[in-house]
Every structure is written in C-alpha cells, then in structure tokens.
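Consider the two complexes below, in which chain A is the common component and chain B and chain C are the respective partners.
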Partner chain A sequence: MRRPLTVAKAPIDEVIDADHQLTRLVFAFITASAVWLVFGTLVGLYLSLKFRWPEIDHVPWLTFGRLRPIHTNTVFWGFASNGMIGLAYYVVARTSRQRLHSYKLGWISLALIQISVVAGDICLAAGINNGAQEYREYIWPVMALFAGALVLTCYNFYWTISNRTTKEIYISNWYIMGALLWTISLATIAYLPFYQYGFAETAIQGYYMHQGVGMWFTPMVLGLTYYFLPKLLNKPIYSYSLGVLAFWTQMVFYTMIGAHHFLYSPLPWWLQTVAILFSIGMLVTVVAGTANFLLTMKGSGHAVRNTYAVPFLLVGVVYYFVGSAQGSFEALRSLNMIWHFNNYTIGHSHITMYGFVTFLIWGGVYGLLPRLSGREARQLFIGMHFWLAFIGVLIYGVSLSIGGTLQGLSWLAGKPFEDSVTLMAPYWLWRAIGGTLMFGSHLLFAYNVWCMLPSKSRDEAVETYTEVPSAS
Partner chain B sequence: MSEGKRYDEIQGKIVHVYDGIEEADNDLPKWWLWTLYGAIVFAIGYWFYYQEFRIGKTPVEAYEAAAAASATTTADIDPTKLAEAATNPQAIAAGQGVFATNCAVCHGDKAEGKIGPNLTDDRWLHGGSGVDIYRTIFEGVPSKGMPNWGPTLGAKSVEDVTAYVMSLRGTNVPGKPPEGEPWSGDAAGGAPAEDTAAGADAGSGPSAADTNAADTNAAAPGPASPATPTNAP
Partner chain C sequence: MRRSFYERPALFFGVVFFGFIALSFVVAVGPAIEIQAKHKPLPGSQPMTPQELRGFDVYIAEGCPYCHTQQVRPLKMDAVWGRPSVASDYARLEPLHWWMETPGVLGSERTGPDLTNIGKRQPSEIWQLIHLYDPRAVVSWSIMPSFHSLFEVTSSPAADATVVPVPPDFAPSHGKVVAKQRALDLVAYLLSRKQAPLPEGVGGEAAAAPAAPAAEAGGGGAQDEGAMLYSANCASCHQAGGTGLTSTFPPLKDDPVVNDDDPTEHISTVLHGAHGRTINGVQYPVAMPAFKDMLSDAQIVAIVNHERSSWGNSGKPVTEEMVAKVRKEGAPQ
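For the complex of A and B:
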C-alpha cells in the first residue's frame, strides 16, 4: 500500500542562482496571489453556502448579487493573474537569458493590479459596478488600472525578450506575449462606450467572456507549463511542432467561438454555427497540447511520485483536456439546450479555471519558489494541499455536472421551476462540501508560500547577479 | 548560447535548448491526425445540416413547427367538445392533475387565487365561457404574468384543464376577492360580459358553451347560487 501523503519527496537540492531583485518581485506577486486566493474563495465558499441556506444574512453588501462578482473578479484578477504574471516574470527573463528590462516597472505593475482589485472589490460591495456584464463588472477606471499593469508588463517583457541572448524565442514566451497582447486589446474593446448597451453588448459580452478565459488564462498557464514541466522533469519536450501547432490553432480557433455563450440568442444564426464549428475544432488544439505534455511526461512515473510539484502539473494537464472536451460538447446546440443557464456551466467553469488553471499555477509555484529561496514548505502540508484541492474540485465538478444535467432535463420537460430547485439541493450541498475542502487547501497553500519566502540572510548572499549559469 | 545538440534516447533529436530545457521535434502522432480530420468532417456536416440544407431548424422555425403541431389554434375550438369535457369526470380529473402541477403556484391549490385571480368566483377578467377560458389558458396574458400554456401543455391538456376550471366556476372558494366583470352564462341566457368570440360561436340561440355553463351551475347549485343572482343584472 502506498500512502501518498507520507511518501518522501525529493528535497530541493538545487538552488537557482537567480537575480535577487527578480526573486523579490516574483515572491511579491505570488504572495499577493495567495492572499487573494484565500479571500476570493472565502467569498466563493460563502456563496456556495447561500445556495443551501439562502436566509443566512440580510446585509446588503453580503447579498449574492454583490458577492458573486467579488468572488469571480478576485480569483480572476487577484489570484490567477497575479500568480501567472509573477511566474511569467521569472520565465521570460530566464528563457531569454537576460535581466528583466525594468524592475521598477515590474513593481509598478504589481501595485496597479493590487490597487485595482482592492478598489474594484470595494466598489462591487458598495453596489458600484459596470452592470451585469460578467467578468467586466469593475467600473472602467478600475479596470483601466489593471489594463495599465498589463501594458507595463507587456512592454517590460517585450524588451526583455527582444534583448535576449538566445537565438530563438522559447515557446513559453510566445504564449505569454500572445496572452498579454490579446488581453490588452480585449479589455479595451470590452470597455468601449458604444459596446455597453443593446445588442452589441451581448455580442461583445460573449467575445469578452470567452477571450478572457481562452486568451488570457489558458495561454498564460500553457506557456508557464511549457517551462515548468520539462524543467521539473528534467526531460526534453516531446515535439516542437506540436507546440507550435497548438499555439497557432489556439490563436485562430479560440477567437472564433465567443458566440457559443449565446446559442439560441438573437445573435445571427450563422455566427452561432461558426462558433460551434470552431468549438469542435478546439479539440484539435487541446489534443495537440495535451498530447505534447503527456508524451513529454511519459515514463516519468517516478517524478510524479517523488516530487511535489509535478502531480499538480499532471492534474492541471488532465483537467485541461477534460474541461475543454466538456466545453466542446457543451457548445453543440442539442446539448447546450440542456446545459445552458444552469449549474452544469458552473461546473465547467471550475473544472477549467480550478482543475486546469489553478493547479498549473500551483505546480509552478511549488516548483519554483523553493529553488529561488532555498526554503521548503513542510511536505505534509503540500501533500495535504494537493489532496484536499484535488478531492474538493472533483466533488465540485462531479456534483454540478450531474445536478446540472438533471436540472436542464427538468426544465426541458416543462416541469415547474421549483422542482429543479428542490432537485438541486443535495448537489449544492455537495458543492459546499467540496468547496470547504478546497478552501482548506488554500489556507495551507498560503501557509506554504509563507514558509518558502526567502530569509533575510539569503537575500544578502545572492546580492549580485552576474550571468545566468549555463545549462546543467 | 549554443549548447551542443544532443540525441535523447526517448525523445530523439534535440532541436532547441533554452535555459536547459531541451526540445525535440517528433512527428505528430498518427492518431492525432484523426482529431483534425474528424473536426473538418464534422464542420462541413454541421454547416450543411444547419446552414445550407436547413435540416436543423432555427429557433423561430422550431417554435412555429411546435405551435403548428400542437394542433388546434384557439380559432377552431369547438364549444360542444368543451361542454362535454366539462361534464366528463375523467377529463376533469386529468385537468385537476394538470392544474396541481402547473397552475396551483399562482392560482392556489384550490384555485382560490394567489398571484393569479380566484378562478372559483363568477367574475372574470377575460370572460367565463368555456371558449374564453380555453383561449386565456392557451394564449395566456403574458403582459400580466399569465403564461401561454398552449405550446407547453398542448391542446389536449389545455382542454382538460379548461374542463376543470369550468367545473369550478361559481363554487366561490374563499380566497382572493373577485376581479373583473361579472359573468353569468347561466340560464338567464343573455350573458352580459360575454365577449364577441363566444357570441359569434353561439350563432342563433344560446351557444353550447353557455348551455353547458348553465348545466354545471344548475347541477351543482350549492354555494354558487346565492352569489349568482346578486351579480346578475
């Protein structure tokens, strides 16, 4: 019998001789990310309890309508974005074998993001928002701060990459730069004043919602995984061509599919059809990307067992496939009819944003931080983090997928709405149970990040940065 | 930095090296191609199915087809058939079932009125004849919150539930106060609040619906009787 929690994982022997300034910046981002994760999912957990006990409170700023966008925006812009950008600062500089273009701009970006999330959440709680436009509920001045951070980061990365001392641009940087450029234009377009009402609002909402997940989170974490996976396995990537193919098909196909959020809406019928075709087309991309990762991992069972970061990456890669395949089917008219508007989609959101994006971020964090600071977290706590989060999101996904399907069928059968509410009650309870496990794991994560923070003495030891050591 | 390009036992020839990460360039696995072919075939098929040949229906077409399929529009509703249904215990029982699942939320368990009006008094907003009730139920009053049940329930169930509602007329279950015009399609004949459609159906002499209404009221005078005369002009 293997007891996964107690298997001794390989200690982090190698400490990267990284630039001390860069290390501090990366740690600042990751710390912010961990704090937002705890806050954002505390709100998420509370929301999930409200499904079971709707009468739990009567305070205006604790109402579902205000807390829900606080949850989604905090985990999006606070947790995931900070985490990804923080890791990207390291990866971009590292794979370009170049100092980061400007540390100052890096710190300014960091500050801008935190200000925008704090201000945005306070506004949301106070009932000041951009209307019910999912993931763009922050009013424009707040979102402008966030976009500003992206522009500065993009500029910073651009010059770092352009001054690289390597010949080619590593695929991670393709993904990271792609994600930044797309998201900057996305955020701008989504906030143009003439897209805020009427029909254009709907069309743009579909576009924005989908590009948000597909052109920001997805390429960012994929790019990071292209760095961390081979690095932690210490193995070559299976195929350069597959990576390039997945990258370009992602860029072409994903941009076409926003309308699948509004099937059976007044959007032109042909536009919906096109969105569906490319949603199925996305299977090509996803299979290519997943295959490349899994074929790279092939024969690395020992690494999965013996390191604590790789299991996170493995789960993330598998969920990337599962969640996206689920999405492709959800886009078919006949199935969307069942699943649209109900909890199945919430399940999909968490299978992807949590199982895929969040796990890959954690994999990167656990892979990188101890190597930067030379300080490890307790293995037991990392193991507990892994299992709580893994089992939690499994419960979350399975219960809402089953519940959502029954809910949709009940609606289609023309049963009274109340029936579907009573039907969902046990599934919502399960979601809250899964959510509790997940939230518990986030507390452990925050504690683990704390344990990995560099100590003062080490800061001084790696004071100067000369040149990146050549490959081992 | 030009690291020597080595040959990896598992992954083959290494084409790039970045920060110690090596990248091989294996061929795409053969099976992978099937996702590509599959997606292309699917795309062509789906496009033709929905866009070119229009086999798959747009929501508007589907809605129209469904509306047509649920047969009877309210125009050719037969008052005699309704009259018969209203005296047929089976139809009433079936209608009661439909009512309990679909209508009780708004009209109350005993049709005594909640969000929707009390259906047991003898004042009606949209007319109290069988045909009127059928039409109200079938087409609904969407602007006032009464759904159109025709497309959801289909003609048969609407007929059953109409029969049930007809059987309730004038039973005056205590509940929401009466709303609308008084309607007395009873023996007095010249029903004051009758609207034109019912009148047109009636042709010469009292319509079948009216006759039937008279029947039910007469057959079950009970609590209805005292109220009726007061409301009658």
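For the complex of A and C:
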C-alpha cells in the first residue's frame, strides 16, 4: 500500500525484555517531556504571533517579557531535560548490564523536575525572575529543586555504572555522566552570588548561557545517539577513537567559549579572543562527532528508508553539524558584528536546539518506546510528525537567518532603527508559519507517545512475571 | 588484572568533574572576581534613587531586557546609541531581592532600540508614559507590547494624579488614563539612563582595546545625516512624515516657525525646548525637550535643514555660525 507522506516502515523487530520498573520510569519521563513540549511550544507559537499582532491581548501575565522566559525555560528544563534524562535511565542501565541502582531516587528526580518547572513557570508569569538573565530566570529556590534532581540522577547513574557487569564503561555513559557532573557544577557556579556584582554578572552569564547548551543538552543527546544509532542500525559505532577525541575536546574547548556571547562588550579583550579561538577549534569536535555518526550510517540507507527512528537521528546529526558550523562563524568578530543582537541568533538557537537536540530526542523516543512496550504508534502519524517538524524548522531557520542578516546590514549601513523592525515583517510571518507546522507536529508526537504507552494488561502480566524471580 | 583509566569510574569521572571546574575558574569565576574588584562606579555617575530602583525592578519583572539592550559596542554602527560602554557603567548593579541575583541588563537582542541613553534621547516623561500605555500611539510601526496594566482608566482622577494625554485614536472611549505608581517608577528609571562622562584615562582596557577594529569596522555612515538624526531624535513626537499627532505633538509640515526665513526661533526651539505656545490655534499638553546638551551645532544644522526642506517645507537653509550664535545668546526669556 502506498501512503501519501510516508513509506511503509518495517515494524519493530524485537520487544526488549527490560525490567518492568525501569520501563515505567522511562515512560513517565517521556510522557512528562511530551506534555511540556506541547505547552512550551504553544507559548513559543503565541510569542511568534505577537511579533505580528502586538495587541493580541492585554493580560499582564501574557505579556511578551514574561512569556518569553516561560517558553525557553519550559522547553529547556521541561521538554528537553525530561526527554534526555528519561532515555538516559534506560541507556545507562542497559549498557552497564545492570539493574538501575535505585528506582526510588529515579521517581524522586522525576517529581523534583516537574515541581521545579511548574513552580518556575508560575513565578515567571507573576513577574518573579532571577534578574532576566537568559536560561537562569528561575529563582534559586526553584532551580535548587532542579539541581537536586540532577544530583540524585547523577548519584544513581554513578552507582549503576560502578556496579556494571561489563568490562568497559560504554562511551554513552561518559557523555551522560559528563553532562550531569558539568551541569551540576555549572548551576552551582552560576547561582552563587558572591562574585556576580556589577559587571561581573556578565562574565558569568556568558559562561552560563553557553555551557547550558554546550555542556548539558549537547553531550546528553550525543551520548544517547552513541547508543541509539548503532543499536538501531544493528552494527558497532564506526570509530571509538573519534568518539574519545570528540569527548575530550568537547570538555576542554566548549568550556572556554562562553565569552563569545558578549563580543565587543567590556569583557576583557583576551577573554573574548580566547572564546573566538576555541569557537573555531570546536570545528574539530563537531567534525569528529558528525563524521563518526555519518560513517556509522554509511551503507545503511535501507535503515533510513525502513525504520521511522533513524531518519530523526539523521536529521539531528546533520543539524548538529550545520548549527555548530554556523556558530563557529558567528563567533568571528567581523561576522558577529552583523549577526549579534538580531534574529539571526534566534535562528541559530532553533537550528541547534530544535534541529539538533529535539530531533535526536525524538529519534531515541521512537527507537526505544515501542520496543519497551510492544506497542507502536501509527506510521502515518509518525511520518507526519517528521515532515511537519522538518519543514517547519527549515522555514524557521531560513527565514530568520535571512531576516537577521538584513537587520544587521541595515544597522551597518546606518539606516534608521525603524527599518530593522519593519523589514522583518515577512520573515516573522514565515517564522509563525513554520512554527505552526512545528507545533502541529508536537501534537502528533504527544499522541504517538500516548499510543506507545504500555497497555494495562501487559503491564500487569509483566508485574507478576517480575515478582516471581525476586521471590525465589 | 589492572583496569585502565577508562574502566575506573571514580578516577575517570573525577577528572571530568574537576577538570571542568578548573577550566571554569580560568574563564568565568576568575575573571568575574577580578572585574568585581577592579571596576568601581564612574565618578560622574549617580546611584539610583529609591524610586528609580523600584522602576528598575519593574523593568526586570516585565522582561524589558529581552527586547532592549543596554550595551553600546565600540563600533561605528553603534555610535547612535552613545559612547562605547565600559565595565564601570554597570558597577552599581546588585540584586534587588533576596531571591534574585544581580540583574542582567546588557541583553542579547535588540528587537527595540538600545536604552543606555534613553534618558537623554527621550527625556519627556509624558512621551514615555504615552508610549508605555500604547507604543503605537506615538510610533506607528512599533511592535512593542502595550503595558495597560501599569495604568488605570478612571472618570474622576485624583487632583495629584498623573493624567496621560493619550492621542484620541488610542485613548479609551470613556474616562482618563492615569499612570499608576509602577508606571511613574519605571519612567523615572528610564529617564535616569544616561551615560556618565568618562574621566580622562578611565575606560581602560575595554574601551581602548577595540579602538582599532572600531575604526575600520563597518558603519558606512548615514546617507543623509539630517534624516537619520531627525528619525532618531524628533520623529517619536513629530512623526516620520512631519505630521505630528493630533492635539498631542504639533506637525512640522507647513509649520510657521520651520518655514520662517529667520531661523532664530527654529534653532532656539531645538536648543532650549518649548512649552505652552499656541501653534496654528492649538495648545499642546506636552513640552518639547531641550536638545542643547545632546546635539552638536553641526547636528542641529543637519536636522533643522532636513526639516526646512522636507514635506513641502521651504525654509531657508541655516549654517553652523547661525546655530553657534543662537546657542551663545542662551535661552529666550
């Protein structure tokens, strides 16, 4: 049978006999993630409409300046973090061939994250924020809950890995543990106030903004992909050494480049220059990582055609390269001058956080969930999810990259400020159109996750099954 | 059997953890400590008054920094916003509440204009209030949100209330628009945004280092300086087409002063501002601000000549000598 949007894909080949408690925990994280995605991007879509119709409402807690951090923090800490951590619980236990150290701590982490996102968003809507510093808008009592969840997760993973029954620590776990350790340190450094008075705040903000995306989301999804890609293709990763190289350069280079968010600011000139040099150096990391994934995929064209998870991974890997290469250019003084402060950066944020991070999470979810529950979502809907999201983010990225460049050039040419606002009108409209497609795909994603949830009867069956050996 | 580095979790993850912290001290915590110790407020700057601080709190709560930077780069294309920012400009910033950290005002996006010098550029309190109530009332192309929640509409304002003369098309059908305390505080904060002068030699590293790139880098200059300066300084009230806004700001198109062959009053109005005139039979509730400290003689020539030759006006062009002369005479009595 021919389908309009998707080709028929092979059904899943195996149902993993994972332990039942782990399955439940993973599903809880992924469900939370899907809910936050729908909510967070509904807000994003609404924001994008406000650029066209600023008078759309007069409700104080729906004003742009309060909703924008709700959008960014919800998709960061609600959607992406839940999704990544949920998948990581499975990957860490699986690759260590060991039961998770503690399910209870897993559930507590899950609860802490949800509480922090709910509380954080309510505070933001009420105008209570941490000083309008991007991605650290949640006030510290709220962020402490989130950090607590990371500490518990990290502890849980550490002991699972320590007690592994395999010889090696699989490379995915380097990235996942690295991401957790880095982000815990990062959050602590960023939230301690003592050295952040006056302009010192900016030195920490550049560092924080960058490590937030570079030491949390990036290593997490890369680690997951090091597991899911070879697994779904049923072959080993192309090169372990490339992975090692990418890992260490990630840690050293990425940490150094936060100041590139404040080029030409009063930050010490040497710090800016260091940031630029390492931004270029990041090409090494990115090429190593991308090449490793693409070479693993080489010759597996059939998998892209025949499964629905691998196309998501392929798109994610390509966007990893595109977005990061774009970032390296943005860090050059001559180009940053034009692209800084305008919509080009918003384009970059979505090319990376959406094209790269979000697609890889989806790839993992579609790769894992049906195998855990034995229930598949409808292929048509997965296919539609893929194409709507793919075309949507393409429109988003291209329109803002063009519009942003024109904004920068208009400032450079000394045109009145007005021009840089009015010229954006068509591009903002395109962004809203792309955003609508993206949002539609998120509804489908949430529905698909629902379809993949384990059925009640199977649930109980497994329950009795797992209880038997533990009693013996 | 000895386990390799990669097989020993405590060692391996220890390196990963402490390595990152060490690097973080080099690129973030270290520089932050140094900046905090080194950069003191500029001698010419003032601490914020309690009211301005309350206004600053509103500025942060409403997320104004997501659309407005307060950061002038040492680039020619940024010169319209003021002199390059230096670290000391921000030295007085500190947390406003126990649950908050030092707010970030530099911003990463300039959806709206930079506000470093907004107190100089747009010193009219009334304009600021109208603009906050509904930005499109004064700037037709604006996409900034309206902040109705900072105002209340009442039919009988108290005697000491600040009634905002919102242009008729944007005013509510009944009652008068009155600014709440939060709006007045916010405007007090905005009007306090003025760069302090740099004392000789201060600015140091940050201002000095980029001087070279600033000189070569970008900024083709305005094609028409007069039009550019007019749009930056005057159009917010008199509007791009010189049309003004009904009963709020006078039009300059066909204005008697602008078309007068004797430019003294025209120049004098720009230098010293004006209030309470009857122009073509209309009295305006708002004052025209003085620009003598903001614009040089050459810039005033460019603006005045732009007004005199645009929108069908035909006033005689002025020269720098004329402006210098009027400036020397001081404000009219």
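To be clear about the criterion, the second predicted complex is superposed on the first by the 455 of 472 C-alpha atoms of A that agree within 3 Å, B and C clash if a C-alpha of one lies under 4 Å from a C-alpha of the other, contacts with A are read in each partner's own complex, and residues count from 1 in each chain.
Just so it is clear, a residue touches a chain if its C-beta (ideal position, glycine included) is under 8 Å from a C-beta of that chain, and two chains touch if they have at least 3 such contacts.
Remember, predicted model here, so these are calculated numbers, not experimental data.
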Let's test your reading of the overlay: on chain A, do chain B and chain C clash or fit side by side? clash
Would you check which partner chain A:L295 touches, where first means chain B only, second means chain C only, and both and neither mean what they say? first
In this superposition, the partner of chain A with more touched residues, chain B or chain C, is C
Answer with first, second, both or neither: which of chain B and chain C does A:I346 touch in the superposed model? second
Should A:E168 be classified as contacting the first partner (chain B), the second (chain C), both, or neither? both
Counting only touches as set out at the top, which of chain B and chain C does A:G414 meet: first, second, both, neither? both
The shared contact residues of chain A with chain B and chain C are 167-168, 264, 269, 333, 414-416, 418
Which positions of chain C touch chain A when the two form their complex? 6-7, 9-10, 12-13, 16-17, 19-21, 23-24, 26-29, 31-33, 35-36, 39, 60-67, 69, 71, 73-75, 77, 80, 84-96, 99-113, 135-136, 141-149, 205-207, 209-210, 213, 217-223, 227-228, 231-232, 240
Which positions of chain B touch chain A when the two form their complex? 1-3, 8, 10-11, 14-29, 32, 35-36, 38-39, 42-43, 46-47, 50-51, 56, 58-59, 101-102, 105, 152-153
Residue numbers of chain A touching chain C in their complex, please. 50-51, 54-55, 58, 60, 63-66, 68-69, 127-134, 136, 139-141, 158, 161-162, 167-169, 174, 177-178, 181-182, 185-186, 189, 191, 193, 195-209, 215, 251-252, 255-256, 258-259, 261-262, 264-269, 271, 274-275, 333-334, 337-338, 340-342, 345-346, 411-418, 420-422
Listed in rising order, chain A residues that touch chain B in their complex are 94-95, 97, 165-168, 170-171, 227, 230-231, 235-243, 245, 264, 269-270, 273, 276-277, 280-281, 283-284, 287-288, 291, 295-296, 298-299, 333, 414-416, 418, 468, 470-472
